[in-house]
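Structures follow.
Look at the two complexes coming up: subunit A is in both, with subunit B in one and subunit C in the other.
And then the complex of A and B:
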């Protein structure tokens, strides 16, 4: 099934490239402002070290060297996942309803993965450590270290996504070239190097296979595999350990990813008058997916809570009791419950559906999933099997430096979309072509 | 009762080794069942099998399909491989350049 895009022409598709408004400048200013605030705080971290974050060592935050930075890293990787999975599903499963938002979703993957990488980069202290420490150790440590598995698979995932985008954009750029700005001709020439129309069928088959690789690797082996293994393989942390973390991480990732796509798609729809290009039906469909993923998220939380408090090993029971007595945890769960109820209610009563309300719900879900992930990381460390750090003073509270990094990365994603939307079409030509062919 | 001897021997050996009293359970308790040997993989550590054998397997299938099957095209296949290799190089190469600059400017 596809959505009705009757009346949408190619000029509508390139509208973001052709227009320049005060609202665009305002969004640019906000994005640069957020990045500026983060860079101000980050310069303090570079000058004084990680001590300004309370994450420097075991002694500065109640024995918690991983906090908001790692929570935000998982969160951004999760958001990244849904994007490309949605796009891959359009290709593999014929879910044409979502074709108008497929490229926005691919772009969200690239932007979000970049932000995830930034959190690793800033958390290692000196940024050059990724090259001076990680690279030399990689050949031997990849055999044993989940951290090295993580670096390897995140790199592969980023490269696959960018290749997917680079191959699919050739078709669009070639056909829309007369509507694209001449000053960017060298870039377009590079993007379409060696292009002939005879390659379309071959490239379509190639990207089908990329979609195939991604839809297996990303959900099952990355966010349901390597990322949770960073935690679940550590038996010394009761709250982290166990195979349930794979599906649990994946459910959180998909829930946040659908929320991210809803927000980005709604922003473009509103900013460029794309009511016909991204119809209401797309958001109604995304709302149902949000409801379904929220349900799975909540079900897996229930699994962990029940197994953690009913005749669990002592330390797991303690960790779970701490978790369910933390008010913030229930705020996070409540935000996801709200999303689920809204999605199901509007499925039953479509007249209740409102895109602005869905965007608000989605923002709430993103706040909830970030909160849950940070609590997971911090409380997992605070309630380990061993009592070595019980006497460590202090209590972990995210510092302004860390909070500014979350805001800064949000600014980077906004800036990324503002820039990319001026360079390439952010909706695939395929989304309107079926209609064009019928008209012809 | 005889059937329980191996079990009680094993329990005693485990309890003793947990307490740090007996380094070798089979030697300390006559008739004890030996603990199974630690599971190990040959040649390299488990991560190599896990990452390059399982996690990246879909990528191998993808690249193979680019060149095998119909329709396929040598130029398009090489372009795809070029993107994979080029983007990986750009990603880590730019970090390497940044590292050189940091080393030169600050240290």
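And then the complex of A and C:
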């Protein structure tokens, strides 16, 4: 399947920058509203401490010390990792069909990583020490603490992604400069500082290598590595341990990311009449990827459930039994099953395919993966190996303060796209034009 | 020096070199220093020259030259100091053996981690030594494992003596100004299968593990093992409150300070809070950081008087002679003595069964299979996986304690106030 969108003109590409509608204002209001709701609740946490969450100590304390904040952190990091893996794959494997959504995926990565960072910030008891304690400890702690590995790799990864984006934007901004608003001139001047057309070839190679680094780093070290290792290396919690967590986390990341890209691409397509720029075939392709990743996700869940209940050690067996008797778990699994069935059904019968239905399915998948991740964290902590405590399993239902943070971060991502789409082209020039050959 | 001379010294062999290279530090520097250290030991290179030769490179590599520990400062060297060579030999001996431990293996104990520290110090790898010291590893052999050197605070808790009076919990709460429900000392009353409705008791402190997961996972080194005596402590000035120590601990001994502490800072004496290294590790934690049993670090540092060194609040409050605190490396200490006497009192019939052990006393450590090497041992029956906590003869509420801290926290949250709303 290949889609040719090279007939689309440059004006179409900069349409989001050139237009301004009531719907835009409405979307902006919703995003700011969501952020406002969160900030209102978060101010309570700043005043009173983490006591305003429904977290508590495990053990005699009768609660769980990690909850929705950590679940949402994993979820956002997953979306971020999956997003950039897809973008890098487009570049490395020459999957030109998805070129129109590659930059959207990169931008989603930046926004989602920011949200993940926010969740760490609001999760810790002393956010003011994140710099003063972490930086001095880095040289000695990085060889021991999985959390330090995590901070290190995610930071490196953020830098890679931002570099990747900054390099590819220079080409576009330079060529579309006459169509971009003058009031932002200082920004464009900064973005394209020192630009000459002779750099294109070099940048192209640099970007290739960055994409290569990302494609190696993200599955092995990030969502298939440091994030699951935060849990799977510990001796304390039965449901967390084991080698399957890496692949399992990665499958969830990819499933979530494809869903996120589908939603954002569909939103831009709808808002700016981009039927030509992001054709239906792109979504049909993404749907197949969604179906495939959902299948892997479900397969890895099956692995965990079967090994956890057949003849597992007592505590693991108990944790697994609780997991499969939790209705919310089956809601999460059901939403992903639905996505898989829809993707495969529409692959066989393309006339059944509908972008709006796919967006609905994708929203469902994101709800499902967030639910699964929160359950993984919370139920993992509820079933410690040491179960003599009356307070084990602990009780946990997220408080309004915690739930508002999820809404707030969704608002931040929406706001991010609303603002960025007014400043730079969110679809690469390469999607509609062949790369210009320049004599070096 | 000629090549022949070189061959006189044990060179850092290939295996050792690989181990060196696995560290993040300059392997070449380590190897060269190891070789020259032997020359110093053989009196062919002066200490001063040794110091000068590597001083700049060590500073470049580690930002600090800690060799003063083993090698005197050149400005202070006494030319007639005949013991200097001995000290160097001591410091640099067994390099190969020590290095092998740097590689470690899955079953690596803290002792071997500590040897890493020793090996690193011997090679002047002060940076690596520091890393060992801030992880669970003690950096020196002093607090180490079962090697009998230095102090290693620990407990023997005789469950056969405990009657579940909760006096230890009350004493701990009072001495450390704990917020309600933060039960650093916690006494389980439980029934086990096959024992009818007989109630058993198990007092649970922090296990002050030799190979503690909480110190390993701490991203900032706030949770650490104190070199001098193996206490597992939290530096309240550094802790970021991520609660990773709490989720990694198999025993559930950590209590986060979710809101304002019940006892304000103004009512807590510095003597109880600051240890002998000047670090804030004692008494209840401030808001937003993690707390847990400290084995009464203030007492061990002599802040409450010389006669309270080697005691804990819970031990002092125990009228049943169940809790025995002391230096596990000292055969004469209370925990070791109590165990020995208890075993002596329950001799086994070795005349008929000569291969049986000499006593019938059963001891255990909590979840020893987790590999944490706890420094609390229990006399009595280990609760089975089917044991269930039950109400004891004295209810927590009866002595002013709170069992389920979540109830306190939920009320505190609802009232938007401190933990005690």
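Here is the rule we go by: the second predicted complex is superposed on the first by the 416 of 440 C-alpha atoms of A that agree within 3 Å, B and C clash if a C-alpha of one lies under 4 Å from a C-alpha of the other, contacts with A are read in each partner's own complex, and residues count from 1 in each chain.
Here is the rule we go by: contacts are C-beta pairs under 8 Å (C-beta built on N, C-alpha and C of every residue); 3 or more make two chains touch, one makes a residue touch a chain.
As the structure is a prediction and not an experimental result, all values here were calculated from the model.
When the shared chain is aligned, subunit B comes close enough to touch A:158, but subunit C does not.
By the touch criterion stated above, A:290 is placed in contact with neither subunit B nor subunit C. More residues of subunit A are touched by C (comparison of subunit B with subunit C).
Contacts of A:278 after superposition on the shared chain: neither subunit B nor subunit C is touched. In the superposed model, A:66 makes contact with subunit C only, not with subunit B. Within the superposed three-chain model, A:257 lies out of touch with both subunit B and subunit C [touch as defined at top]. By the document's definition of touching, of the two partners only subunit B reaches A:226; subunit C does not. Of the two partner chains placed around the shared chain by superposition, subunit B is the only one that A:212 touches, whereas subunit C remains out of contact. Contacts of A:125 after superposition: subunit C is touched, whereas subunit B is not reached. Overlap of the subunit B and subunit C interfaces on subunit A: residues 126-127, 130, 143-146, 148. Those residues of subunit A lying in contact with subunit B across their complex are 126-128, 130-132, 135, 142-146, 148-149, 152-153, 155-156, 158-160, 162-163, 166-167, 193-194, 199, 201-203, 205-206, 209-210, 212-214, 216-217, 221-222, 225-226.
If you check the complex, the residues on subunit B that touch subunit A are 44-48, 50-51, 54-56, 58-59, 61-62, 65-66, 69, 71-73, 75-77, 79-80, 83-84, 87-88, 91-92, 95-96, 98-99, 102-103. Residues 24, 127, 130-131, 134-136, 181-183, 186, 188, 190, 202, 213, 216-222, 238-244, 246-260, 287-290, 366-367, 370-372, 383, 385, 387-389, 403-407, 409-410, 412-413, 416-419 of subunit C are the ones touching subunit A in the complex.
Touching subunit C in their complex are the following residues of subunit A: 44, 47-63, 65-66, 123-127, 129-130, 133-134, 137, 139-141, 143-148, 151, 230, 234-237, 314-315, 381, 384-392, 394-395, 399.
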